[in-house]
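For clarity, chains are labelled A, B and C in written order, and residue numbers in each chain start from 1.
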Amino acid sequence: MATSKRTTMAVDAAKATTQKLYKSGVDIKGELFRAVLLLSIIVAVGMLGSLIAYVIWRGWDRLDWNLFVNNPSSIFLDTAGFAPAIVGTIYVMLGVLVTVVPIGVSAAIYLEEYADRTRWYNRLVEVNIQNLAAVPSIVFGILGLAFVVRGWLNLGFVAFAGSLTLAMMVLPTVIIASREAIRAVPPLIRQASYGLGATRWQTIRHNVLPAATPGIITGTILAMSRAIGETAPLLLVGATTFVLFTPESPFEGAYSAIPVQIFQWAARPQDEFRILAAAGAIVLLVLLLAMNSVAIWIRARLTKDT
Amino acid sequence: MTHTKFTRSGLVAAGTSTMLVLAACSSGATDETPSGDALSGAVVIDGSSTVAPLTEVAVELFAAVQPDVRISVGVSGTGGGFEKFCNGETDISEASRPIKDEEAQRCADAGIGFVQLGLANDGLAVVVNPENTWAQCLTVEEVSSMWRPDSPVDSWADVRDGFPDEPIALFGPGSDSGTFDFFTDEVNGDSGAIRSDYNDIGEDDSAAILGVSGATGATAFIPLSFVNEAGGQIKAIEIVNDNGDCVAPSLETVLTGEYSPLGRQLFVYPSDVALEKPQVLAFLEYYINNQAEIAELAGFIPLNEDQEAEALERLNSLIDG
Amino acid sequence: MTPKKKGSSAKEQDPAMVRVDRSADAGKVDQSTPLVPIIRTEDLSVSYGDFQAVEDVNLDFGKNEITALIGPSGCGKSTVLRSLNRMNDLIPTARVSGSVHYHGADLYSEKIDPIQVRRHIGMVFQKPNPFPKSIYDNIAYGPRVTDMKVDNMDDHVEQTLRRAALWDEVKDKLKNSAIGLSGGQQQRLCIARAIATNPDVLLMDEPCSALDPVATLRIEELMIELRENYSIIIVTHNMQQAARVSDRTAFFTVSIDEDSGDRTGRLVEFGATSHIFIDPSDKRTEDYISGRFG
């Protein structure tokens, strides 16, 4: 008796569920949401696409080999190029890479693995890092001029001073992304390592860091991509707009950088310069893509291994 | 390794073409430079972005004579340039205005001696038809009322009460011109801001002169150097400066700074310390001796003979003192 | 010894051939069998911040025996397990009082290095957690980080995998990522990884809870084989598993403070598994085992 009643109830419930499975008309809200999402991505990709299309169209006449191998010129506008600026930008970016990655990753390891978050000074550091990420870049330029070019480090107007200034600017990005990556390493992996008698450093070195590396690389790509296009801080710390030579080294001599060169030429009245500026934007894009491709290739290799 | 390679080929390319232009334009120019010794070392130049194109041309030409001198040109702006200059961080500062008293004081406090060298003139004139008897002197606001974007003004009567109801015809260079940039920046407050229905004469400033001479109510803005060339076809009108004075454009008023804001001289300031370096001195001598060609290539008004002589004299005074 | 192992692992190739009846192996001790303790806790209490997780545990864990810790959720059995090799140290708020004796030393004495403790008392976790490295590197990890004297790492890896009855299944793909293994294989790899450093005690925290029945039975079989050389302590929710594999069983329960409502884990009863499951002394044990509680 009880069984048959229970069976009836079960059958009813099943029927009700089945009926719910049939469509009850068009899901307007769902479709609307989908349309909004689609629109968002079209706007985002469309803006990027039209921007790239515009600079290519604008700079098309000067997309030639001269652009990469020639010096800038105020006389021969048709053959002027970005050679010193390209080398300058490469110097500056290498400097950013070698400073920001070790410092950023170390800071992230400290904050994630060692810092006692109940201590006020650790919390202060955390809050400050978050805030630093929101400071306008020109402020880092002023800071770089005061403490890197002059003041404490007194490096002068050299490429490495530009590197350190941009490194300060993008350091929060690297720290935050690295912390996220380190935090995403499953606790089980750490426990397994500790369980085998590994020390904290061994656990970080052999497990946490390798597992976090793809995330750290992603953060570094974002940081480098932001740094490579910066103009204002570089102008402040002495990137020049016109040099007919490549810097001796990152530590001595005047240097130029692609965005600074673009900035200066875009403001010139002659149309040749404006075309050159657009072509320069493409050079910058190419350099950025090359840089990121290498990073993505490294990341892909690392993730394939594991 | 790779960068040295392609930079060197870049240098060669720029160098060769520079030689060609030197040979073509001015055979006598290089003779006056101390080209006997091959110089090397760095020259650090920073300052006004208006002066930069002029100096860049000088640097490029000089590089053909002294390829081992490494000159860099920055654009920190006139003020930013002086800040670095008085800090002893640059050899030469570029300025689109004379140094201010407080800037000069800061240099003096730092023990940095300097001299002001005018190396080109930059000015433009607002011109009208000789039969235009009413517009003798205009304020910048009145000029702007004719030229600003979406300006409804189409008669002189709209410019100032009492002017006759004579239709205005506007002539001006196209947006590629440095004159255009300077005029729109100074008069309309924003480089490139201008009404769209004026007669665009492109790069050919003499076309504007023809246009203005053909209609009583016509007006145009042209580089100062063209006013004298045009003779009596047009007349330049006076512009009210910051002191409220009506000043006619001329080399003299541009030089003294009275003709403002449409006239100015472009300056470079070498420091006494920097002039002890032979490469800095050689560069400046080259710059002054070839100023006419340099100004022309960069699109500025060259110095007259007196100005050039004065620049050389000032340079020498700093070396001797 | 070795041929026998080979035989058993060969048999494991086919899941259908896994022996289900383990009664002959399990419960080799009874209440009268003397216990030779390898680990002994005295008044062990663990708290996390203000929360008293488990209180006053006095337990002896027998050498070359399998001891099962059972009881309802929140009874503190995992906490006790983790305090035996100082894994609780990794939780900043954890406080341990009382003592854990191992080879005559108190593991919570100030002179003891927790890293060294974990090198002697290995651990296997609830979810299989192989490192995202090759199978070989998973096994070699422990010996490498502990600077263990190993004449030939290749041989050591092979020996270890043989002892964990995994060699035949993975010998051709030692350089492959451990992530590619099945869940049961991963867990046996974790067991192999744990014994690679030659510990004498293995702690297992619900090692089969994420596995299917076939994989579970294999692990149980492995545990019984490993008992010859290791002392094993296992936390399990699975009563049948405790009955099948363990020699002795400790039953924990949660006591709720009537005033504050605080829940604290306590040891109720400890004895030979046959005794606990057939004739428990405590009413609460009987209720739990017969399914009336928990």
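The definition used in the following text is that a contact is a pair of C-beta atoms (placed from the backbone, for glycine too) under 8 Å apart; a residue touches a chain by one contact, two chains touch by 3 or more.
Keep in mind that what you see is a predicted model, and the values were worked out from it rather than measured.
Comparing the centres of all chains, each the average of its CA atoms, the largest separation from subunit A belongs to C. Counting C-beta pairs in contact, the chain pair with the highest total is A-B.
A separation of 46 Å divides the Cα centre of subunit A from that of subunit C. Separating the CA-averaged centres of subunit A and subunit B is a span of 41 Å. Centre-to-centre separation of subunit B and subunit C, using mean CA positions: 85 Å.
Contacts with at least two other chains are made by no residue of subunit C.
Per the touch definition, subunit A reaches subunit C in the complex via residues 116, 186, 188-199, 202, 206-207, 210-211, 305-306. Residues 3-4, 6-7, 9-11, 13-14, 17-18, 21, 42, 44, 46, 49, 52-53, 55-57, 59-61, 63, 70-76, 84, 87, 89, 175-178, 180-181, 191, 297-299 of subunit B touch subunit A in their complex. Contacts from subunit C toward subunit A in the complex involve residues 85, 87, 90, 92, 115-116, 118-120, 122-123, 125, 127, 129-133, 141-142, 145-146, 177, 179, 190, 193-194, 197. Residues of subunit A touching subunit B in their complex: 66, 68-76, 79, 81, 83-84, 86-87, 90, 150, 156-157, 235-236, 238-246, 253-256, 264, 267-271.
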